Structure formats: structure tokens, C-alpha cells
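A, B and C are the chain letters, set down in written order, and residue numbers restart from 1 in every chain.
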Amino acid sequence: MSGDSLWSIFLNACLINNFVLAYFLGLCPFLGVSGQLATATRMGGAVSFVMLVSSVCAFGIQWVLVALDAPYLRLISFIVVIASTVQLVEMFIKKTSPALFRSLGIFLPLITTNCAILGLALFQTNKGFDFLECIAYALGAGAGFTLALLLMAGLREKLALDEVPDLVRGTALSLALAGLLSIVFMGFAGLGG
Amino acid sequence: MSAQPAPIVAEPPPPTWPMLRAMVGVGLLCGILIATTFLATRPTIERNQAEALQRAVFDVIPKARSSETYLWLEEGRFEAVGEDARREGPRVHAGYDAEGRLVGVAIEASGMGYQDVIRVLYGYAPDAAAVVGMRVLESRETPGLGDRIETDAAFVANFEALDVSLEPAADGAMRIAHPIEAVKSGSKQNPWEIDGITGATISAQAIANILRRSSSDWIPRIQQRLDDFQRGES
Amino acid sequence: MEAPDTTAMGAEEFWKGLWKENPVFVQVLGMCPALAVSNTARNALAMGLATLFVLTASNAVISLVRHVVPKQVRIATYILVIATFVTLVDMGIQAISLDLHKALGAFISLIVANCLILGRAEAFASRHGLGASLLDALGMGAGFTVALLSLGAVREILGAGTLFGLPVLPAAFEPWVVMLLPSGGFLTLAGWLLVFNAFEQRRARASAPEAREVPG
């Protein structure tokens, strides 16, 4: 994967192959917490943060597993290590910065083994990124997730005031919106070329 | 996990022993299961992978009847991987005909396409000094448009004879005389040009870029170290 | 909870997953790793069956060990068990067909993050015996597979004019490429939800005057 600048990796993860809109990862929080802009912002922050932590963890695990020649333990160790690291970080934040904990804290347990987090760990390993590339990829994925979540929340806040047939209200409407957003994001393809 | 209600109620500290016992027990069970399945499936998986690789190599070097993988070593020579398939490093796959003569070298290359990274394998025939076959290994290009780099017969035919002959550069090293480039569909004039695809300009361009970069790295190396690939005497 | 008629009870455990509590169309669970590979019927079926296997196997194990695992470490245990079976499936698919493994890619591993599986483990298998848990898992898994297959079939028919790779529409049909793209996945799922909602509404209106919330 040489020749790809860090910036193009960031753009790729953020816009071209947005985790939510192109890979369908992290749909549960995407549909669940996109009702209000304020909550969505905090959720986005929490997910980006956990992505960064787990990206670093996954890089370390992969290094150890290659050294041990034990690829079959990858999935299990990703899950266990990422979940426990996030727990540790959660405790650490709770002690050092209660304000930060209040804004991110309640979301952390929800997303420790979320598909977007695990997907990030698996994709970066499959793509064979080095350490800096992993960080760029994690930042891009986090920014992309937050962006998608914010766009969705903005739309849904408006929609809440509109008259919509009963039949469509709820998840179906959110999914249709996500589909349209996904078409919009297709316009970003080619940016990295 | 969203499906799990978080128990916030304070509880008396649990006894350590049952917890430890349960975790270790379940962990042991899981470990045994994984290890057994891994050992049971590994031969099949490795055979499948080797077969898939060989099919791909034969695909891009039409004359090949057998193949062998070579590593490119730091000190500037190729060495057969042999039994130890796990060795790391940049690698190429040499193809031989029925008499054991080298007929081509298959090289893997990758680069950014329209949507995501495209990975290709292409075959280089030293006799013809040309690319003799190309196959897309992995791509997420738009179905119906960009994926014509795989499905469009006219485009794929571009790679049956694509000139990559070498010439000496000013500093004495060898380099590709005419770097591969993509031209507008239907305007191919020279043997080193790739006829593009209308409606998939970027994807076709991406393939040309990938091949150009990779060929200017690999082909001088291969051409200089052709003896490394000879079979029999080692 | 304990019904005297165990056969009827068992059948109920199985059928609820297929229709009344269909994990995808009614509970909208576990879509994350599944939507991405529902672009063709074949991939959707494979993903559904893989999930069915993981769900059944892990439900069975969890139901068996439910008395020896203290509740403080139960989630950790569940995740461990689920991750094990996902690893097994991953290796199994690689051994059966590399092409299929390539098409599904990292999404097989992502079954582990499927909320449906942990959800059933926590809500059902940890409280019921082996038989009931197996039936529940089979029903939910079958419901998931059927749902995924109906997504994949619609997307493949409209997006490529084929079903399981065989042409089903006349050649004059111009494929809707958008159905194969990610947005097609969202739109197809939204469409199926509408169909289900419509059924539910009609039934609710027919059976009882009480207003019924649209699930979501």
C-alpha cells in the first residue's frame, strides 16, 4: 500500500468509503441515536475516540500475533483487548476528567464491541497499514461516522415537524433517508484517485 | 452492545473462585475448539489458496503449465520460496511451459481506483518483452461502469500484448522505453497504449497507472536477473 | 412461562422468529454486518446460514453453561463463545470456497458484532433449557436468513436482472445499478419494512380497535 498518502487514506475512510453509508457499519447507533443533533454530536465524538483507541490496540495485537504466528486468534483477541482497553480508558477518564466523562461516558459501554469499531480493526489489518496509516484511517473513519450521524440527525430533526404517513414513520423512513445520503456520498468517489 | 441492559445496581462483591473457574473453563473450551478446527481446515485452505493462485498465474501467462513463487531479496536477486511459504517479502510468480522453460512472470500490483483500492495480477513474458495477460483480483468499482475493467472483453484484450520493452537510460540502468498509458477509447496507435473504456475513464486510467508504476519497478529487475528463474541447476 | 403443551410451545419458539418477531423486519436487529453483503442472493444466503450456525451453536453452549457462569462475567463469556464460533465459521467458509470467502470478506468476522446473537444469548438462552434455546436460535436464524435472502433477491433481480446468477428478466430490462450499490441496500430494507408495516397495520385494524404503534 505504498504510495498512498495519509491524507488520501483519511479522505477514503471519511467520504469515499464512509463506514455507515458504504459499508453499513455502525447502523445500530446510527439509527438509534440520530434523533437529536446534540446527542448525535456526543455519540460521534465517543465513537471517533473509541476508534482511535481500538485502532492502536489492533495494530499492537496484529504485531504480536504475527510474531506468534497465530492468525486464528485474531478475532477473539481483537474483541477482548478492545473491549477491555475501552473499559480501562473509561475508568481513567472518569477519574481525571468528570466533565468529559459526562459527555462521552454513557455511550462508551454501548460501543465497545460495535461493528464499526471491530470493522475498523479488521479492515486496517487486511489492508496492511503501518502505524501512521492506521491512525489516519481511524481518524477518517471517526470523522466520517460523525459526519453521517450529524447529517442524519439534522434531517430527522426537520422531519419530526413534517407530516408523514403513519405507515412510513419510524425506521423505514430513516433507512430511506440513509439510502439517499448514501447516493449523495457516492459523488465523492474518485477524490482519492 | 445495544442489546444489553447495563446493570448499575451495586451488588456485593462476588466470590472470585466461581468467576475464575467459569472464565478459565469457557476459555479452555473455546481454545480447544478453535485449535482443532484450525488444524483440521488448514490443509484444505492452503490447498485452495495455492490452487487459486495457480489458476490466476496460468490466466495471465497463457503458455504456463506450472508455476513457482520467488521472493525478491534485499541484496538484489530472486530466490525460490520453496517449502517455507510463510516467508515475508515482495514476491513474483514464475510460469514455466511443459519442458520447464520460463515463459513468463506474474506480478501483483495495486493502486487507488475510482472507489477503492484495485489489486491486479499481470503476466510479463521476457521473450516478447510484453505484458501478456492481466486479471483484476480485487476491486469495488461501480457495477455496470467501473467494473468493465474486468468484464469488457475489448478492454481485457488490451493486455494480451502490451509493449514494455526496455532501453538503457542516461545513467546506464535499464528502464521501460515507452511507459504504459491509457488513451481514449478507440484511439490506440502504439503497442504500449491501452484503449480506454467510455464511461469508465477513471477506472481504466487507474489500471494503466497501476501497471505503469509496477512495471517500471519490476520489469528491469526481472530482465536483469532472468537467470534466477532458470529451473534445474541451483 | 411454562406451558403444559410442550410441542405447541416449541413450535411457537420456532415460528415467532420467522414472522412475529422477525429479527430484521420487526426488530431491525443485526443489520450492520448483513446489509453489506446482501447485494446478491448467493452472498445473502451464505451470510444468513453462517449467522444461523453461529446463533444456534452459541445459544446451545450458553444454555448449557448458564448455571455455572456467574452473572458478573456472563457477557464476557457470551462474547468469548460467539467469537469462537465465528472464527470456526470463518475457517470453514475458507475451506469450502475461497471465492465465497472473498465475496463476504471481513463481514464474516463481523457476525460477532451482530446485536441479534448477543441479544438472543442474553434474552433467551441464558434463561431457558437446551431444547427451547435451540428452537429459538433456529427460528431466529431462519428468520434472519429468509429476511436477508429476500433483500438479496430483490437487489439482485432489480440490479442485475438475475437470481443466483441465472437470468430471470428479459434481456430488454435495463438493470437498476443503484440496487447493487450501498444505497440500494438501505432502500430495499426500507421497502421491506414498509411491506411489513402495512401487513401489521391491516391486521391490527382488523383484529382490534386499539391503536398499534408502528414497530421501529
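Assume contacts are C-beta pairs under 8 Å (C-beta built on N, C-alpha and C of every residue); 3 or more make two chains touch, one makes a residue touch a chain.
The structure displayed is predicted, hence computed values, not measured ones.
Student: Please indicate which chain is farthest from subunit C, where distance is taken between mean Cα coordinates of the chains.
Tutor: Farthest chain from subunit C, going by C-alpha centroids: B.
Student: Closest chain to the protein's overall Cα mean, using per-chain Cα means, please.
Tutor: Closest to the centre of all protein C-alpha atoms: chain A.
Student: Could you state the distance in Å from the CA-based centre of subunit A to that of subunit B?
Tutor: Distance between chain centres: 29 Å.
Student: Averaged over CA atoms, how far is the centre of subunit B from the centre of subunit C? Could you give it in whole Å?
Tutor: 34
Student: In whole angstrom, what separates the CA-based centres of subunit A and subunit C?
Tutor: Measuring from centre to centre gives 22 Å for this pair.
Student: By the touch rule stated above, which residues of subunit C touch at least two different other chains?
Tutor: Each of 80, 83-84, 87, 91, 115, 181 in subunit C touches at least two other chains.
Student: Return the residues of subunit B touching two or more other chains; collapse runs of consecutive numbers into ranges.
Tutor: 1-2, 30, 34, 38, 142
Student: Quick one: which residues in subunit A touch 2 or more of the other chains?
Tutor: 28, 72, 76, 113-114
Student: With touch defined as at the start, can you tell me which subunit B residues reach subunit A in the complex?
Tutor: 1-2, 6, 30, 34-35, 38, 86, 110-117, 140, 142, 202, 205-206, 213
Student: Mind listing the subunit A positions that touch subunit B in their complex?
Tutor: Against subunit B, the touching part of subunit A is residues 1, 3-4, 8, 12, 16-17, 28-29, 32, 69, 72-73, 76, 109-110, 112-114, 127, 189-190, 192-193.
Student: What residues on subunit C touch subunit B, complex-wise?
Tutor: 29, 61, 65, 68-70, 72-73, 75-77, 80-81, 83-84, 87-88, 91-92, 94-95, 97-98, 102, 115-116, 118-119, 122-123, 159-160, 175, 177, 180-181
Student: In their shared complex, at which residues does subunit C touch subunit A?
Tutor: Against subunit A, subunit C makes touches at 28, 31-36, 79-80, 83-84, 86-87, 90-91, 105-106, 109-110, 112-115, 178, 181-187, 189-190, 193-194, 197-198, 201, 214-216.
Student: If you look only at subunit B, which of its residues touch subunit C in the complex?
Tutor: The contact residues of subunit B facing subunit C are 1-4, 11, 14-15, 18-19, 21-23, 25-27, 29-30, 33-34, 37-38, 41, 44-45, 48-49, 52, 138, 142-145.
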